[in-house]
Amino acid sequence: MSVPAIAVRNLVKTFGETTVLHGIDLAIEPGQVSCLIGPSGSGKSTLLRCMAFLEEATRGTISINGEVLGFTEDSQGRRERISAAANRTIRAQIGMVFQQFNLWPHMTALGNVSEALKAVHKMSRKDAEERAMAQLVKVGLEGRAGHYPSQLSGGQQQRVAIARALALKPKIMLFDEPTSSLDPELTGEVLNVMRDLAAEGMTMVVVSHEIGFAATVGQQIIFLDHGKVLFSGSPQEVFKKPRNPRLEQFLDTYLDRGASMLL
Amino acid sequence: MSVPAIAVRNLVKTFGETTVLHGIDLAIEPGQVSCLIGPSGSGKSTLLRCMAFLEEATRGTISINGEVLGFTEDSQGRRERISAAANRTIRAQIGMVFQQFNLWPHMTALGNVSEALKAVHKMSRKDAEERAMAQLVKVGLEGRAGHYPSQLSGGQQQRVAIARALALKPKIMLFDEPTSSLDPELTGEVLNVMRDLAAEGMTMVVVSHEIGFAATVGQQIIFLDHGKVLFSGSPQEVFKKPRNPRLEQFLDTYLDRGASMLL
Amino acid sequence: ADTLAAVKAAGTLKVGTETAFAPFDFIDAGEHVGLNVDLFNEIGKELGVKIEWVTLPWDGVFPALEAGKFDVVAGPATITKKRIERYRFTPPLAEATIAILKKAGDKTINKPEDIAGKKIGVGKATAQLDQLKEFSETLPTKVDIREYPAFTESYADLAAGRIAGVANSLPNIAFVAKQREGTFEVVLPPFGKKSYFGFIGLKDADHAPLMDAIDAAMLKIKADGRMATLQKKWFGASFDTPDSVKDPAF
Amino acid sequence: MTFDINVLIGQWPAIVSGAGVTIMIWILGTIAAAVIGFLMAVARQYGGMLIDKALGAVVAILRGTPFLIQIFLVYYGGPFVGLDLDPLPAGLIGISIYGAAYFSEIFRSGFQAVPKGHIEAGECVGLTQAQIVRRILLPEMTMLVLPPSVNMVVILMKETAVLSIITVPELTATLSAIGSQQYAFVEALSALALFYWVLVELTGWLGNLAETKLSRFRFFNA
Amino acid sequence: MSTKLFELLLQASIYTVTISVVSILIGFAIAILLSGMLLSRRSLFVRPAQIFISFFRGVPLLVQLLLIYNLLPVIGVNVPSIVAAIIGLSLCTAAYQAENLRGGFASVPLGLVESAEMVGLTPRQIFRRIKVPIALRLTFPALVNEAILILKASSLVSVVGIVELTRMAQDLAGSTFLPLQLFASAGLIYLVINWLVAFAGSLIENRLPGAPR
């Protein structure tokens, strides 16, 4: 097997007294779409944020394409912090898209996408905006480049956020509930962009309540509960014959409501 | 036919230059659950807010159980404002539940529910709190009466909001996307309360993206697009054989995602 | 209306002053004391009224006098040409001629003329400033005059060593030197033209009878020796003051 | 009551120079206060617990005691500990540090109001901490910190009057000297009130102008 | 410096505290009225409130105090020092607090008002029961700040004849000629008072229910 795009080893995360992640082991394969599902508070966001080193893990390691991010750990559990500059280089391989979009309100769509190209990659203004524009075209927003976030619909904002991450040509994209603050039609916009990305073979980790998306696009489904991976497998295994009673109960709340649609 | 619970006649609403509602005619039958569906920006919220006179219509009238709310209009289109006190009396028949809950942060759950009983109905503190408590029991929140909104989960907050409206014994309840800021498990809580209400024969108008709820509980489905009622009928008519191409397209975005669940 | 009549009718004479002007008015152990307090008690006896004190910062005293918050200002103030144009002064109660306060043990200043070329502090917009300026003109090298918003700050700067001395009326600096023996010392004798302290009142017709009555009372107090006793009590020496100052030196 | 404006007109050179000193100290002091306050806020945000606590105590002292007392102690007490400053620099430094304490609190609340997600988004695209402060935090919090900053500018203007106590020849000192020399207190105070009122109104007007110019950044992310 | 002097300073600080506290409370009541006027849509109410704020924020407090103390007698109202001091401080802080409250009222989410309308509360009930408590909660930190500013600004009331903390320090410096020691002690007393205010403020703030998030 190849080197995993993301290797999570024995990851533990505690906030003060409470342990939120209890020793997670995971391998995200390159070029695959992995979906993280699970009830509220199960630790999905925390796991994803650890993968992006937005959160410092308490124990365990995260490796991106074989390189350790954040902290190394030897067999005795001694942890050593990696330099900020080295972390930035490794993190450059990851793009992240947040539930709340987190666009910078004082910059236009084009500004949001080109900012890091100018500031981090030291591209000229012209080059940066050209590349940013190309990215906006890709998410179907060429007509909105000059708009500020407040002038964009939710779906458009989220697509700008995706473009901002993609402009840096990451190898891996992390999505934390990218559609849950959107209405159904806007959700469609964003899911379409993600579907295209998946088709191009981008490595993606998606925390999502969109079971439909997980079922059709996901290649690996990871079910988290109380900070542990309860189940991990292909969509067929998960949705067709969920053997795990907790998983079955969780999926019921969806099926209950979904089934009535086809009455 | 009996007097409609809500009669909307030729309702037009413009904001500045843009017309949002283009002459809506509707009759909401008493004791029925009517669901308003339609794409984003189609005017659902605006219509609902006009029904509650939170928004002044530009033309046309709204009658609640036969009494005109807000403005009367004669055959020449001359409009006359009804006194604030009269409006309050008529509006007392309507309860409204907002998407954002809109609980008052400086009062406990019990305080939120009993406030209007004390201030409007001039009930004694003891009587008001008794009735409020009964209402909280009904939505399953007897254990949370003393909590402030910030100490309640989203689903609990929304149930308090429903209890607040119900405590005034309205004849009609209006819901504007009551579950769309909730996660799937919390959504369940709120939909159950609404289901109970429907079973008791409460007149309800619900703006909802919960197609499942609309399909199972709704007795009348109203599809709004670009400020016009494109289609109105029973769930069977809507979901089984949508003849209208626009409606079909709209429902597709749901079916697309829902269907895969049962693969 | 006639203020004197009003004062007599009420049985109290209201006197405004600032309580940061030792030894005329100051706070000792929480009590308002000083020459002014004793002297006005005597004036009160002469007029047959009680004295009621209103204490304000100097900035607030004159607006309040003009607004009628009190009948007369104790202060006192040095009687100058400009001031008598605007206000009416009582007979002098003390000499205001200036002398130098230096740091204790400073061997470079032994007589007033030694301040030539040195930094000397003085209150801004005071009569003492004018006197110091005139004296400076008579010296071979001019005095480097530093102006302060109030004398308290100039004493602080003298203690801090920024200036070599402070020029102020002898009664005032004598008191300072006594309070902080070992820190400050007075350089004798006083110098320049003689000037005097007087109490201040309004010039209008309404106040004329009252001011006349106060003048008479003060002259009586002076004539029978009570004034000299009080001067000895507060300054350690008595002054020979004229009965009125019609043409001030400054 | 007498009111004789000629008393002031005759003294116009001194009044103009006093006004000049007031305006100079006010403008330079405000700029320095804002810059120092900003640096203090940054240090408290990123400098670790110890720096945060230490600066917090400094701010508490500077905000908890009247400026008059601070400046008096520093100017007249300074020489005893080897700190001997001239009035003008002492006043300027005093105003700057006093104002900096307030500005640092304003900026700190500004920092805290910027959603954490916006900073994380910056980290995720590889911006360094300095770049995040300059390119994200500062512009984003402008709208929020503008109104309290305008208030602060007004307060600092009025505090410059206190500097008369350390013999800075600013307008309050000049006018009250004229007032007591000529015994024309009412005239002097009226002129003083008018001067400050005009400056305050001007500041408020500029603040409103800046607010409307910047309000296109106003945003309400759902 | 003797303990007697320190005791005198402490006694004077009672004036500082009482006058400030009373003024802040009165000023707050006026500020609520003013902010209500500012937010009404009728220029009949808005303009006077704006003029009030412009004057009491723009003119130095010292001058305001002198005007109240010395000008009111001209129109036949002879106010005692303490009353003049409280009027002056109250009006001045009212102007600042009104601006703070205006921001607070403007930040009360519209939805909370609409939900109150829906349960039938009258506009007056909505103002008193919904808007005021929420706006108060939102502006509470700013109010604590204003309280500290007023405590410090209260030193100016000496100009109408009240010997509060700062003036007492100055008066005592005028007879003992120990200004540094006296001012340092006064500073310390201010610091303790203000620290107590800030501490009480944060205690209350943490207990106030329902910070809107």
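Residue numbering begins at 1 within each chain, and the chains themselves are lettered A, B, C, D and E in the order written.
In the analysis below, a residue touches a chain if its C-beta (ideal position, glycine included) is under 8 Å from a C-beta of that chain, and two chains touch if they have at least 3 such contacts.
Just so we're on the same page, UniProt names per chain: A, B = Amino acid ABC transporter ATP-binding protein; D, E = Amino acid ABC transporter permease.
Predicted model, so just to flag it, every value in this text is computed and none were measured.
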- request: Taking each chain's centre as the mean of its C-alpha atoms, give the chain farthest from chain E.
  value: A
Mean-CA-position distance for chain C and chain A (Å): 82
Between chain B and chain D, centroid-to-centroid distance (C-alpha), Å: 52
Statement: Taking each chain's mean CA coordinate, chain A and chain D are separated, in whole Å, by 45
Message: Residues touching two or more other chains, restricted to chain A: which are they?
response: none
Residue numbers of chain C (touch at least two other chains): 59, 63, 66-67, 153, 156
- request: Note the residues in chain D that touch 2 or more other chains, in rising order.
  value: 1, 72, 76-77, 80, 189
Field: Touching pairs - complete list by chain label
entry: A-B, A-D, B-E, C-D, C-E, D-E
- request: Mind listing the chain E positions that touch chain D in their complex?
  value: 54-55, 57-63, 66, 74, 96, 99, 103, 148-149, 152, 155, 166, 169, 179-180, 183-184, 186-187, 190-191, 194-195, 198
Chain E to chain B touching residues, read off their complex: 109, 111-112, 114-122, 125, 129-130, 133-134, 137, 208-213
- request: Going by the contact rule at the top, pick out the chain A residues touching chain B in the complex.
  value: 39-40, 153, 180, 183-188, 209-213, 215-216, 239-240, 253-263
- line: chain E residues touching chain C in their complex are 4, 8, 11, 62, 66, 69-71, 73-74, 81, 158-161, 163, 167-168, 170-180
Task: Going by the contact rule at the top, pick out the chain B residues touching chain E in the complex.
output: 52, 54, 88, 91-92, 94-96, 98, 100, 102-108, 115-116, 119-120, 148-150, 161, 164-165, 168
